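These notes are about the structure you will find just below.
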Amino acid sequence: MEHLPLTFLLLTLLGYVAGAVAGLLCLRAEKLANYGSFGLASLAALCGVVASVSMLAAGTGGAPQTVQLLPALIPYVRFTIRLDPLGLFFTLLVSLVGLALSVYSLGYARGFYGRKNIGVLGAFFNAVLLATTLVFLADNAFFFLIAWEIMALTAYCLVSYEHEKEEARNAGVLYFVMSHIGTGCIMLGFLLLFQASGDYGFDGFHALGDRMAAGPRNAAFLLFLAGFGVKAGIIPLHIWLPVAHPAAPSNVSALMSGVLIKTGIYGLTRVLFDFMGTPPNWWGVTVLTLGTISAVLGVLYALMEHDLKRLLAYHSIENIGIILMGLGAALMFLHSGHPVLASLALIAGMYHTINHAVFKALLFLGAGAVVQATHTRNMEEMGGLVKRMPKTAFFFLVGAVAISALPPLNGFVSEWLTYQSLLQGFGTTSSLIRLMFPLSGAMLALTGALAAACFVKAFGITFLAQPRSAHAEHAEEAAGPMLAGQAVLAAACVFLGLFPTTFLRLLDPVTQQLTGQQLSAQLGLANGLVLAGATATGGTVSTPGLLLMAVCLLPVPLGLWLVLARGTTVRRAPTWDCGLQGLTPRMEYTATGFSKPIRMIFKALFRPRREVQRDYDFSPYFAKNLRFDSHVEEVFQTRIYRPLTWLVWRMARKMRALQAGSLQAYLIYIFVTLILLLLFAL
Amino acid sequence: MKPDAIAIILQTGLLLLLAPLVSGLVRNWKAKLQNRRGPRIWQTYLDLWKFFRKDMVISEHASWVFSFAPHVVFFTAVLAGLLVPMVTVQAPLSLFGGVLALVGLLALGRFFLALGGLDTGSAFGGMGSSREMTIAAIAEPALMLAIFTVAIAAGSTDLSRIVAATLGPDWRLLNPMHVLAFAALFIVLLAETGRIPVDNPATHLELTMIHEAMLLEYSGRNLAFMEWGASIKQLVLMTLLVNVFLPFGLAPAVASPAALGLGLLAYLAKLLVLAGIVVVVETTNAKLRLFRVPDLLSAAFVLAGLALFSTFLFQ
Amino acid sequence: MHGTDLSLLTPLLAVPAAAGLACLVARARRTMAAIGVLAFGGTLLLGGRLLQQVVAGGAVTEWGGFLRADALSAWMVVLISTVSLATSLYAGRYFQRELAAGAVTPGRVREFFVLTPAFATGMFLVVLANSLGVMWAAVEATALSSVLLVALYNRRTSLEGAWKYVMLGSVGLALALLGTVFVYAAACKNNAQPLPSFNWSYLQTVAPQLDPRLVRLAFVFVLVGYGTKAGLAPMHTWLPDAHSEAPSPTSAMLSGVSLKVALYALLRFHILTTACLGSAYSCHLLLGLGLLSMFLAVPFILVQRNLKRMLAYSSLEHVGLICVGIGLNTPLTIAGALLHMGYHALTKPVLFFAAGNIQQSYHTLELRLIGPGVVKTLPVTVLFMGLAAVAATGLPPFGLFLSELLVISGGFAAGQTAVSVLVLVALIACFCGILTQLTRILPGPSRPGRQHDGGSWDGVPAMGLLMGGLLLFSVWLPRPLLAVLQDAAVIVGGNP
Amino acid sequence: MNPAISPDIAAQLIALFAVLMLVVQLLLVVQRMLLTSIRLFAIQSVFLAGIAAVVAYFHGAFHVYVVVALTLVGKVVFLPWLLDRQVRRMNIIQEIEPLVNFPTSMLICGGLTLLGYLVARPFTSLERLGNNTLAVAITLVLTGFFLMINRRKAITQVLALLTVENGVMLAAVALTTYGMPLVVELGIFFDVLVAVMILGILVYRIRETFASMDVSKLSQLKG
């Protein structure tokens, strides 16, 4: 009976394989391909949820169980998976999101009927889910790297799925190049560990850092940070992210933003907390700093976007930053020997990881529905959709509230935990470093507020007021499966927001494995109603309590209605148009206008440029028509990456002169080589 | 520790009733300082009464969000108020959330307020929301940093514990940390409650208004909830200020009616003083240009940072 | 042990030679193609048997020790047969279209079908010859037979490519011969009467007693000589020209095996040198040249304008990697390098075949002119090209990922961290180049005004054969293959 | 059989021939006329054959006589005839225009000779017959190589290649008691023959397509 979860897990993997095969078999029959591949994917993901939840709930103690998937048919490679809490937690994440996405895709893929090949999409979709799951479960570095690369490869194919658009092609290349460089770093990191342990197995790597010399150890840390940082989209390694995520089909964007970048977080957690032993202080400081920078800059760039999907992509960078804050703090606590606090910070990070996976996927799905309905990603051409796509709008609003870290939804909970760990971190050390905690806390506050601003813009401009284009005017509500997929994630947001203490039990084995602590008992007060910081005196919060309280307060407004407002009527009238003849969408506040104050305040960062052309007859104030361009500079792109690539290309061009086509020259090469070698041999 | 019903009901009532009075007072005193007679201090109550009685006009472009927003604003304000100790050291709902929850609730209210502003499609609403969110965003870090300073000192984010800690024997009026943090929070208060020099609650001039711009399309009971919510929010923030930094006179957690009465008086006194200060500031300053506001708030942030640093020095 | 019976090695040489002669007299193009396919199918079977015998009972000799096959040779035999088989599978359809397009005359086609088996025979002789002198002669023979193949189209450029190929090749081989002579002299030195034969099996035994100075000198000449034929930088300059100008089937054979055959010849001397001087000397030379080749390939791939030249440079990269693997001289890396030889031999021809299809359909190899959207016109070809490119850039699930990782990690295990890092950097850079270049042509919308003549399914049997083999052996190395690999690694590394 | 002449005479003969080969090589370097250089190559091959003959006679190694025969037939008669015929048939301009002017190329050759001696010095002890034949051989190879670089016409490059070949053969004779095993010798010989024929074919085609034999015109394949 205790093998049941394992069976489900294997069913998951098989399901993905079957889904991929089904997709390839029905290349010609698109309906069949759609239902076959995505249907199987949903079933597989469901099995994955069941399996991981039950295993985590069982709290797998002791040595993790390992299962060999394939016989060792080829030397040096062992296709073995390990069922340890960390991996299972992330498996839960990928399965949960994968479930929603697969259901959504059943409807979303219809948009491609007759245009694109659904079979290919389904096959790659399943493949990437499979590879990601295997990344989380791999038991040795070799297998991990294989799964990792296959994941990158399939993701590349999905990003450039609509390869007719040049945008998609370039995005794919950029993504794959960056990802491959990252993989190189990871490979080197693992090889350093391999050098120290003499084996590829993760068991051999456990707490290896303590046995390593400082040099290779720090080198490995930096390599892993860079490698996984690329995948996670840490600033300044993020440039591929806002390009690749929007270019992909929306269900894939959701997958990438929700799950794929989390593989970077998984890798960092696995390496830093499982392999690297007790970290030196500067590791934690580095991670915390990078996290803070990514969070603030990510949301700032997001605010400048009026491309709905790019905006969401930048928010992924922000949230990765928030997650890293938790991880960095945890590292610092481990260094200063406070396992309980470390676990708290780690929990905060993990909690935010799954939260972000859920609400970011939800938002991307909503965006996907909107884009499919309006045929544009430009928010300036949307608007008024709340009336035409009410359900989608509602789900998007849920996601927006969640990602803005507003109570009572899940984003608030995880950020609350992050705040708690940061605040209590102040007492762990007496060095000046401790000022970092409250300061990064303040930056987190800034991030949260900016995120709220950004999503007021995103929701307000996209869904509220009047439609700004004909497309938006004739938009239609998304198909059933698409709504179902969003509903699943919205429900997850609510659950994770209202019942954190229940969910924290699933994190016990994880913290047990990584820091030897189990906090869910400490964190849940008043039989789970109240969530506490690591210490009961540290502070408490209760989202369900607040909600209950709000319900209890309902009588106040109701009473006022009944007593005072009896008999008042409601009249619909046009918005006041300052006495002009009728309010037109063109008079509405635009997304660009909405974010202008921020743009002005952070001028130094954005270096905004604007060109205004107006042609008029007698007075510039009565322009006949007026053209306004405003650009924001992406510093990392323009200052680092572009010059770098330019340099490489220039050098390559210079090198071509070596192969100038003259036989004499070639003979001279050989001759000179010969003579040099002769002298060397003498 | 457990939330008890009586305290909740009492504090709710206090919030609901006291808030309009405070706004009325401030408006009245301002007029006085400007040699006008000004509205009666009860005017706010009458306004609310009037709004409730009136029919509502809702823009035909607006959606359900428009009518939903006022209630959210109202509820979040009241809930936030229940997290703050007003008369006694013990806030009735402190178990359900500390200062972080308070900030979160206010942010939630602001979120929907801004959405409501955008929903009607009028340019004013959009402008208002944009400015509101911007100012809130840059006010947030200062607010948080200031709060962190006291929270760290108290070792808790629970407002009751913070107050209790500051009420402790080692509380000094001129503790540099407290002074600096107070200054920072006071600036944030001005920004959050839309006071001069950040915003002018009394004007409806397109180019300057922020909060009013979002309310422009509201009428009837929606407007009532909006106004009421705003004044409750203001009361909450002022209470936060006075009780965290000047905790003297607060009644103990379990107190006799007499003690409660004393506490209430002390609280009202502090509140009036603070209101006075706000009035003075508002009348002696001119409204800042929008893009000067960040300078003010960054000053607040620096103050809070100094406060934090001073805790580091003196601990 | 198999000294007397002529059942195995002789047919390996006889069958392709006979096929070549048969093509001389055969009339129809189809028959010639069929003959080729049959012949190399036969050699493949023979290779399989040879594999088993070598694994079972060590080296096989025939003609009284004139021919000798140990594990290393057996491995090479299998590679040569496979690639030649695929080539002759592909060639039939390819030349049918060339004839239809009037690009070649029937006479030239016959020339191709006669010379290709000759070419293969030469390579078989290289790996089977016991005497190093004969080996040299055989290498020269392969060079000469392939020159005319390179010059098959009588275009200016193809003649130029051929000319450079033959000139540089002959110079190199002359130097190699000098090196061979030195080794022979060194062997003669320590016994007064004439050597029974100039045989590997004998030299192996006396290697430690050879005059070190002479061997040092010899290896320099051999390295430059055979290095030129193997396309090691900086002697590689003929490689892109010849590989890009030859007809695609020939390019496949050149890139797929002939480079590795030259490398094999080099290896034999490397083994002698290590046995005589210790590993440091020749290993360092191989390491240096290997790394140089890898890094030299990168810029040319990045800014390449011609599809087949790009593929040729990627071959340069892979040869460099193999040299590095052998230069690192640990069991892990050598096994990796030999494995890499095999996987690359399965991969690169597919790329060249696909390139051939593209060339026949678009009548150009300029990436700029081919432009985006090939997938719309030649879906199947692009599928194979994509898979092969994924493999060639060392991504899983294909075996090159494994072999590359073996080399790199072997470097780490041997403490040669710097080398491994450099190798990885070069590989990543090469990957970026190929990815960007292929993305310029393969995906994308089909341009409306673009004229092309289809043939998407051309050469699918050949490409399917190779890709199938690659996929199979990427997930499953059968025991005999594995055993022969390990034996070969032992032969090369000298450490059991 | 006992040789009629004593070893040292043989040694002197070999040394003499070797040096003569070198001289011819240098003449080749400064030679302006195409046909003359072909003849010079023939002469050089004669000396090579001579050395081989001496070795064969002195050691009574009969298969080396075969080498002598092959050299005479192939390198002295056949190849020069072949090239000569080609040159005449394609009536190539006789004038050779080298890349480097003669004084400089002489200097370079001097340097290469020095290098050759440097390289060969450790091995003088190995030589059974004559001393520094090996040095001459290596010098021949290097200068031949230089000759290739220094020539523009296809035919002259072929010629240079052949002199390199001569150098190698000289080394073979000088270093090893009995020359290489016969089979190897044969292999090498026929390879060289075929090589020259194929080169001839190519030269012919190039001549046809480019209307010139100037190799420096073959520079379309770049990058």
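Order as written gives the chain letters A, B, C and D; numbering starts at 1 within each chain.
To be clear about the criterion, a contact is a pair of C-beta atoms (placed from the backbone, for glycine too) under 8 Å apart; a residue touches a chain by one contact, two chains touch by 3 or more.
Quick caveat, the model's predicted, so the values are computed rather than measured.
When chain pairs are compared by contacting C-beta pairs, A-B ranks highest. Chain geometry summary: the mean Cα position of chain B and that of chain C are 79 Å apart. Centre-to-centre separation of chain B and chain D, using mean CA positions: 102 Å. Annotation: 31 Å between the Cα-based centres of chain C and chain D. For the pair chain A and chain B, the distance between mean C-alpha positions equals 35 Å.
Multi-chain contact residues, meaning those touching two or more other chains, occur in chain C at positions 160, 163-164, 167, 171, 175, 217, 240, 300, 303. In chain D, the positions touching at least two other chains are 119, 145, 148, 215, 218-221, 223. Listed by chain label, the pairs that touch are A-B, A-C, A-D, C-D. Considering their complex, residues 131, 133-134, 136-138, 140-141, 144, 147-148, 151, 154-157, 159-164, 166-167, 170-171, 174-175, 177-178, 181-182, 184-185, 188-189, 192, 194-195, 197-198, 211, 213-214, 217, 240-241, 244-245, 300, 303-306, 309 of chain C touch chain D. Within the complex formed with chain A, the residues of chain D that make contact are 99, 115, 118-119, 142, 145-146, 148-149, 215-216, 218-223. Every residue of chain A that touches chain C in the complex is listed here, in rising order: 70, 73-77, 142, 145-146, 149-150, 153, 160, 163-164, 166, 169, 172-173, 176-177, 180-181, 184, 187-188, 191-192, 194-195, 648-649, 651-653, 655-656, 658-659, 661, 663, 665-667, 669-670, 673-674, 677-678, 680-681.
Touching chain C in their complex are the following residues of chain D: 61, 119, 122-123, 126, 137-138, 141, 145, 148, 154, 157, 161, 164-165, 167-168, 171-172, 175-178, 180-181, 183-184, 187-188, 190-191, 194-195, 198-199, 201-202, 205-206, 209-210, 215, 218-221, 223.
On the side of chain A, the complex with chain B involves touching residues 383-384, 386-387, 397, 401, 404-407, 412, 416, 419-420, 423-424, 426-427, 432, 434-435, 438-439, 441-446, 448-450, 452-453, 455-457, 459-461, 463-466, 526, 530, 533, 537-542, 545-546, 549-550, 553, 556-557, 560-561, 564-565, 568-577, 583, 585, 587-589, 593-598, 600-601.
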